[in-house]
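What follows is chain A paired twice: with chain B in the first complex and chain C in the second.
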Partner chain A sequence: MIGVFLVFPGLWTLYIGATNFRLTGVSAREPDFVGLDNFERALTDQTFYHSLWLTLIFVFGSAVVGQNGLGFTLAWALRDARKWIRRTLEALVLLAWILPSSVVAFLWIAMLDRDGGTINALLGTVPGIAWTVEYPLLSIIVFNIWRGTAFSMMLYSAALSSIPPSHLETARLAGSSGTQTLRDVVFPHIKRHALTNTLLITLWTFNDFTPFLITASDYDAEIIATFIYNKAIVGGEMGYSGAISLLVLLMNLLLALVYLRVARRRLA
Partner chain B sequence: MAGIEISALTKEFPGGVQALNGLDLSIADGEFFALLGPSGCGKTTLLRTIAGLETPTSGSVRIGDRDVTRLPPGARNVAMVFQDYALFPHMTIEDNIAYPLKIRRQARETRLKHAHDVGSQLGLDGLMRRRPAELSGGQQQRVALARAVACHPSAFLFDEPLSNLDARLRLEARTFLKRLQRQLGVTTVFVTHDQAEALALADRIAVMEAGRIRQIGTPREVFGRPANTFVAGFIGSTPMNLLPGVVRDGAVLVAAQQLSVLDVPDGEVVVGVRPEYVAVTENGPLAGAVATVENLGTSSLVTVDVDGLSIGAVVPEDREVEPGTRVALNPTRVLVYRDGELVS
Partner chain C sequence: MMLVVKRILTYVVMGVGTAFFALPVLWLLSAPLDDTPTYAVRPPRTFSLDNFASIMDNRYAVASLVNSTILSLGTMVLVVSAAALAAYALSRARVPGRDALIYLLLLLSSVVTGTAAMVPIFLLIFQLGLIDSHFGVILVLTGGLLPAAIFLLKDFIDTIPPSFEESARVFGASPLQILRQIVVPVARPGLATIAVWTVVQVWGSFLTPFILLRDPDKQPAAVLVRTFYTEGGSPNLGLIAAFSLLYSIPVVLMYLLAWSRYGFRFHGGIKT
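== the complex of A and B ==
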């Protein structure tokens, strides 16, 4: 199973990354082996670096800061809330996570629309702001925070409930403030969870394609998944996009290794 | 240094569970006070209400001359030791002990020096740089005590601090705890479900059942004259004999035999006798065959069948009897209960 679904596609990407395989034309039929040409091209391609930079901002803003921060804040705020309030909020947040991407994307297009969009209506901006056109990167960052916070919230809820109540009470008896308790008791306890969570959401966000459904091929929001799609399907350059996919795979691998390194050293 | 005054304290949890039911209690300055009872009797809730970790539904708590009922835990100047010790695993022992001082914004040098002083007083020299996970259960327990001592509270609140130790260590820790409390002279409230622990440690004991205090007294009073059959059955390492009996013209009768003569009105009663106060003799009011013999080390618990009643008696190690032997029993220090309450 692993061979068919993981190893083979991986090797196949390696193979087409080393050819001039295209969707149409002669080289679709008989791709030629071009060695490392595609990789060389990628590493000198300004649009590739542009896309990588956008991806970094996107991942950092929406996942590492946004989902992490909002997820933890929600989990912390809701831990003592009444059961029905917690349940309702959890259900709402979860809904954003479990709805199909196409539905969610449509909702957000409706929200962000220049004419008659919900946000413009709320802000009372006349004429409306075309959010997806004027602030495409911000749009997809906010969208992705909204979309992915549920996971972080659930993970942090579980992490917070694993803190022994007596530890929190010891802090209360010593008279420590909310911030002191977070610093001295809560964060040290959930460090490991936070690292795992950040790794997971970083990787997911890095490879996320849903923003394409909102901002389409907008150059100012062309994160790496969109970039690959545009090169492969729209541009037809399967070989080149295969090479880029492999580079992205390597970056993800590197990221995961760095996280695991940190996790082992800091928490050992 | 301060006494603790509790008046008309009631705590009802959401869902209608009445954990404390109009409690009045007065704990003297410097007293070692035990809250004793079976699980679910409200003793831990009472302790946590004194600490401020639970808010009472009604009633008040005073520590010293301050009404602390509405004060947050941090403003009450009390220190608590939890059953699981609640040591922060990521901090060294010295940082754990100095933690309350850190919150009080003492300089790092001052608070570490103080932590080391308290640590060496509690025999923790050489462990100060370690982490809690590297310490044994007994050592961890002393670290938790040290953290409580270091912040000079007006009262110590202990929530079953000995119950996570194994039996031998628990005895050592008990002696240690009693000596420490004597030295410091700080008012101490101690929750336990172990009657032997309460008898050994406390100056006074409150025996609790279902959110109420059933008896308050010194260990001697609670052991010698339990105020009701609940306390009688709860205190003592061998359970007290509670036998159905009648009083006729002042004569207390069990199994139609007269045990003693007391100034009690006639009627049906429950007669309580501790197995330690039942002598196995050749001549006594009660007679029967020995059913079982349980070895208790320096003594044995002998259970005798008397007209269908099982009566326990403790005999010294050189006076053991064989099961099946017919013996006579001579109970002394007979207590008489009517409707569950002590009448004589």
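== the complex of A and C ==
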């Protein structure tokens, strides 16, 4: 019986192994074996570097700085806010996180629209700015901060509540300023959490396809996800996009391994 | 003085934060009820439910909600049954490298995802001839969700004392009987969590059905909602708004349900 039940997970590993195999074996799908040509092409392709650079800015701006910073700021500001304020704001941030991606994408298209968008109405810009056309990268960065801050906020709330109140009290009595307290008391406590959080949100942002729904195939916002989609599904260049997928996969693996390492050290 | 500045600063942060997070969502609440909706967030000029009626008139719209349901329930059945079998085996069997196996599965499922998996998944399904089939989408989604489901469920089954099963075995119950009549009833809360989690994930998933389903008759709501504004010139705002609201409600409800039962533990992705 144990054998039967163990065969299943075993087969399952094989299945995932098979998807991996496809990844590496994609170039072999073509009749001629092209070897490393696809990788060579990727490494000399200007549009690939362009896309990689945009991805870096996108991930750095929206996840590493944006979600991290805003998540922490909210967690810190809400720490001793009144309960109903805390609840309301948390619910709103969470709502942004749980709504389906095609819905939130359209909500932001509406926000950023040139003629009737809410942002232009608030700023009073006449004629309106077509944000998604003129500032596509900025648009998806702001969108992704809005979309993903919930996770950072929850993680930092949990981390902040694990700091013994007596430490903060001592710092206050010793007359240290807000920034000093943050730097000397709070930061050492949440350092690990910050690292874990950054790794996870980087991994997720890196693999997120939702920005495509807002900026479509705009060249100035063609992050890796969109790049692969355009090359593979639209352009049909399976071998080439497969090679790029493999590079993305390796970066994912690297992030995940560092994450596991950090997580394990925390348990030990 | 410092204190006043600090307090003001805190309120400013909260005020701006609230506006930033609330504004986009407000559109989802006001536009569906507006007779002539615009892009801007504003209270409905003339209150009406016509937008919801127009969903009923759109044959693709209703069908897409049915498709979403098929995909969600199909994936849920596969994930729950497979995860139950695997998690039970992994929880009870003493095998070397068991924990490593689970971690490996989790690692793979979080690495082979989204962007990186798009091309191989497409090729795999293409060569299997499962493009434009719900079954193909269900298989792919099940594959992605199963490792996390096994991981969560194994934790749960670990807490069930094996003595229940031992006494059943003494009375001559077969392994499958034990699983069905003893383990499943006891593990029901865990199974329910996995079921709800799977439905939420599939209901909102966009990329997989987007690349694997071409026929608009088969597309789920997540994919179809785009065609309301990319086809035929100007977007049909009333239809999009009402449809988005209708489509979002189940997700929010399920989160609220899971939340009230299990608290904050219920997260979106593989958050271990």
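One rule holds in what follows: the second predicted complex is superposed on the first by the 221 of 268 C-alpha atoms of A that agree within 3 Å, B and C clash if a C-alpha of one lies under 4 Å from a C-alpha of the other, contacts with A are read in each partner's own complex, and residues count from 1 in each chain.
Keep this in mind: a contact is a pair of C-beta atoms (placed from the backbone, for glycine too) under 8 Å apart; a residue touches a chain by one contact, two chains touch by 3 or more.
All values derive from a computational prediction rather than experimental measurement.
J.: Where does A:225 make contact in the superposed view: on chain B (first), on chain C (second), on both, or on neither?
T.: second
J.: Contact-wise, after the overlay, does A:98 reach chain B, chain C, both or neither (first, second, both, neither)?
T.: The second partner, chain C, only.
J.: Specify the partner with more touching residues on chain A, choosing between chain B and chain C.
T.: C
J.: Applying the document's definition of touch, where does A:204 land relative to chain B and chain C: first, second, both, or neither?
T.: In the superposition, A:204 touches chain C alone.
J.: Figure out whether A:196 sits in contact with chain B (first) or chain C (second), or with both, or with neither.
T.: In the superposition, A:196 contacts neither chain B nor chain C.
J.: Which partner does A:118 reach: the first (chain B), the second (chain C), both, or neither?
T.: It touches chain C, and chain B stays clear.
J.: Touching A:164 in the superposition: chain B (first), chain C (second), both, neither?
T.: First partner only.
J.: In the superposed view, which residues of chain A touch chain B and also chain C?
T.: none
J.: Enumerate the contact residues on chain B facing chain A in the complex.
T.: Where chain B meets chain A, its residues are 51-53, 72-76, 78-80, 82-86, 88-90, 99-100, 102-104, 151.
J.: If you look only at chain C, which of its residues touch chain A in the complex?
T.: Where chain C meets chain A, its residues are 6, 10, 13-14, 17-18, 20-25, 27-28, 31, 38-41, 82, 85-86, 88-90, 92-93, 95, 101, 103-105, 107-124, 143, 146-147, 150, 175, 200, 203-204, 206-207, 211, 221-223, 225-226, 229, 240, 244, 247-248, 251-252, 255, 264, 267-269, 271.
J.: Which residues, counting only chain A, touch chain C once they are in their complex?
T.: Residue list for chain A touching chain C: 1-2, 4-6, 8-9, 12-13, 15-16, 18-20, 22-23, 26, 29, 70, 73-74, 77-78, 81, 85, 88-89, 92-104, 106-111, 113, 115-118, 121, 146, 151, 154, 178, 200, 203-204, 206-210, 213, 224-225, 228-229, 232-233, 238, 241-242, 245-246, 248-249, 252-253, 256-257, 260.
J.: Report the residues of chain A in contact with chain B in the complex, numbered from low to high.
T.: Spelled out, the residues of chain A in touch with chain B are 164, 166-167, 169-176, 180, 184-185, 188-189.
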